[in-house]
């Protein structure tokens, strides 16, 4: 079970244009700083936040309890011109968890309901589960960065992103862009072969080679750190394929007794 | 002529994994804060920055001279664990300008060249041109936000984004996501009909209705403010179509003597 | 026992002037953001940081373990152009604790030693103690803010600050300015009468009336929240003197069986 | 003539305790980030801000016009939970300028007036004057940092600060702490001898040797950069006294035809 928190700025659309449209560079500074702060605040407790739409964010929050969420909600209220609502949910897959969380949030009212403020709720029980994250990276993007135009590179990456999103969703996994040529996918339940298949499709359609470190841990940070180590193992050719699966020791679950990075 | 600045973090890829991979929540906080700061610093001079890949950013910088760029470059050097390179270029279209800027940057060495630091150059002359920006918005996204799951909404917006990117590129216009259901497109040279056609395609393929305020001004801020006003005019039904074109008085150019928001 | 962490930027003096003196507005932005971040990061674990000299900071860290300190140290390394060293110590009084921490830090080398980086140590054991904080406030400063010049008001507050520092040090308590007309004093071991005496002296010398909420709790945040409530009780005249002492229930220690805000 | 802007958070005191006292670590993060941002925003136009009381700040703003102030005011409104008021004034001395600015601000209502929001005014004309700044530094503070306790060092610096404030005020100069063992004094009208006398007093009373680079320029940044160079000249023993006066070429004024750093 992965634990997901859906975060939504309260009544944000109307605020951006009241009394008249606010300067766009200010809004960009505001939104990206909110995202930065949420990563510091959830990161302090080993969570990880993705900016998603900037007004609706998705966080992996295994191990982070309700009271900590409340403290983060207060922190934002104390320093920003708006408030945020948050609902936590757990699910077998990340897609399921975020869906459950969204449904509970929606019960409290519209994103544009001016009376709905600082919702904080748990859709189902907070369960000690695990997080599986794939850190996906394009091979040798620098050869493109150094030859194509900045925008063409960017467009290529967006194409890869959308294809990955469509393919991963079939496995109820999510995908987020984390900068450069890097993506992070919360992907509880998926295995190496699933990724190899998807990478194959991406290569056939878009001609980019992908690799992924996949980490399994108690928290988003643990999983993400292991995923990073996996990526480095691939780069260092310590494994001879484009996916490297690493898991934290704690997990007894026999379904994890799979080959770890090609070594039994 | 629009003036574009291409910004690249120097040798960033290697830094992220030296001596070992850095915590992802820290990298997210770092990158989004860089973006926030660049918007404050360029925004102080009426520029506008888009995060693009986070390690390669694109800014509209009409009216911002080289010495101001240099001061911004120093500011980042003084407060961040890395440095940035910047090249400025002008072009008839945004695509052309960013391409020229990238080419000049590439001549100085690779994005991963550890000896290439703080490039600052101008690809061609700094010319007093104008900026045309379309602020594109999805109609009534809130009805989806309040019913679909957060991730499904996000995926929809990514689909709209990629389609818009592909279509706008045919006009050498760029497109950036700015949060929520909003996109900004630097689009010098395009006209209302171009946008109406594209919106038609988006509706046919993806079933979303789009609208756009389009502003023309001396600086990114002027253009973007006018675009925002255009959007509000559409929302207020002061114009009876989904595109509203507004230009700053200063422009004498007869090619701009087109219908402004449906009124001759 | 109060737990104090002494934080020092490594080799900061030389950095500020290498290769030539850095722009002062950038340094101010850098230092205050470091302070801001440290408060978010320690605050996430109920600690509280004071800016002190900006290059040497003092934090109250009861309940925050070594591994959390290490994560904060990494976070700064990952986002700033410098690193920080930290030593934790506990003491009967805040003065004693910070002294012990400093001594241990000094053993590792000079603040300007370019080879000393990211010291992280504990001077003595981490003990479950308690924090006592006085939140001291000047009565009706607004009457001065609205009549004297900004600088004269500022000077007055600096005079009050220095006198408070000198007097509190006799009790081995520390004092930090927290903005406006507010001061925070970690003051384990002091009692109401001690404060009333000091406030008397301040009034006689500088003609300002002071009040203080004093909180005792397991963490800096608990203590500081109680201190704030104390201040509000005084403002609401729920207590009829200028000091209000509140303690968290947990404390069995008979030495705390004193009158709470004038009520037995 | 130096141009000073007095900045005040509107109705901040009541906000900090509504509906109940806000977490102190959040307030510290909020206030220091406001300060950081104001330095970035004014710094983008060569101004310099001092945190002063955090709720009342003083900025040197020569060369920065009213419309730029308005843009900064909007920027804060767009990103913070409060608004700020600002009044600009010029004076022969910094003290006089800030006094004038404060008086004009006070005419608009109390710092706690909930109906007074976003005052923006100019007390007298905006004149092209010059800025004189002394960057004052304690000699070899590191020998103390490495031997005394952190708090004792801090207290020493506060003692030096208050003595400097009292002495400089006799010359209508202001003094602000900028971190470490450094102070900045806007000091239009003062000369080298004035500083040597004051440093003598500080040495006699507190046993610290001080040095100062003094810069004169069109803007705060120009003056502050020159002051920094002056400090470095003293450190490098290029001048044989503890004050080094440097001025930007532009100034024709014969009163500046004084010895520059001991060289005619």
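Order of writing sets the chain letters: A, B, C and D. Residues in each chain are counted from 1.
Basically, a residue touches a chain if its C-beta (ideal position, glycine included) is under 8 Å from a C-beta of that chain, and two chains touch if they have at least 3 such contacts.
Everything quoted here is computed from the prediction, not taken from an experiment.
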Least hop count linking subunit A to subunit C through chains in contact: 1
Which listed pair, C-D, A-D or B-D, duplicates the contacts of A-C in over half of its pairs: B-D
Equivalent interface positions on subunit C and subunit D, same or different at half: same
Farthest chain (mean CA position) relative to subunit A: D
Fitting subunit B to subunit D on CA atoms, where both chains share a sequence, rotation angle to nearest 5 degrees: 180
Geometric centre distance via CA averages, subunit D-subunit B, whole Å: 37
Separation of subunit A from subunit B, taking each centre as the mean of its C-alpha atoms, in whole Å: 24
Centre-to-centre distance between subunit C and subunit B (centres being mean Cα positions), rounded to whole Å: 44
Interface hub residues of subunit A, defined as touching at least two other chains: 23, 26-27, 29-30, 33, 37, 40, 43, 75
Contacting residues of subunit A [partner subunit C, same complex]: 37, 40-41, 43-45, 71, 75
Touching residues (chain side subunit D, partner subunit C) in the complex: 6, 8, 12-13, 17, 20-21, 23-33, 35-37, 39-40, 42-43, 47-49, 51-56, 58, 95, 98-99, 101-103, 106, 110-112, 135, 142, 145-155, 157-159, 161-162, 165-166, 169, 174, 178-181, 184, 220-221, 224-225, 228-229, 231-232
Complex contact set, residues of subunit A against subunit D: 22-23, 26-27, 29-30, 33, 74-75, 77-81
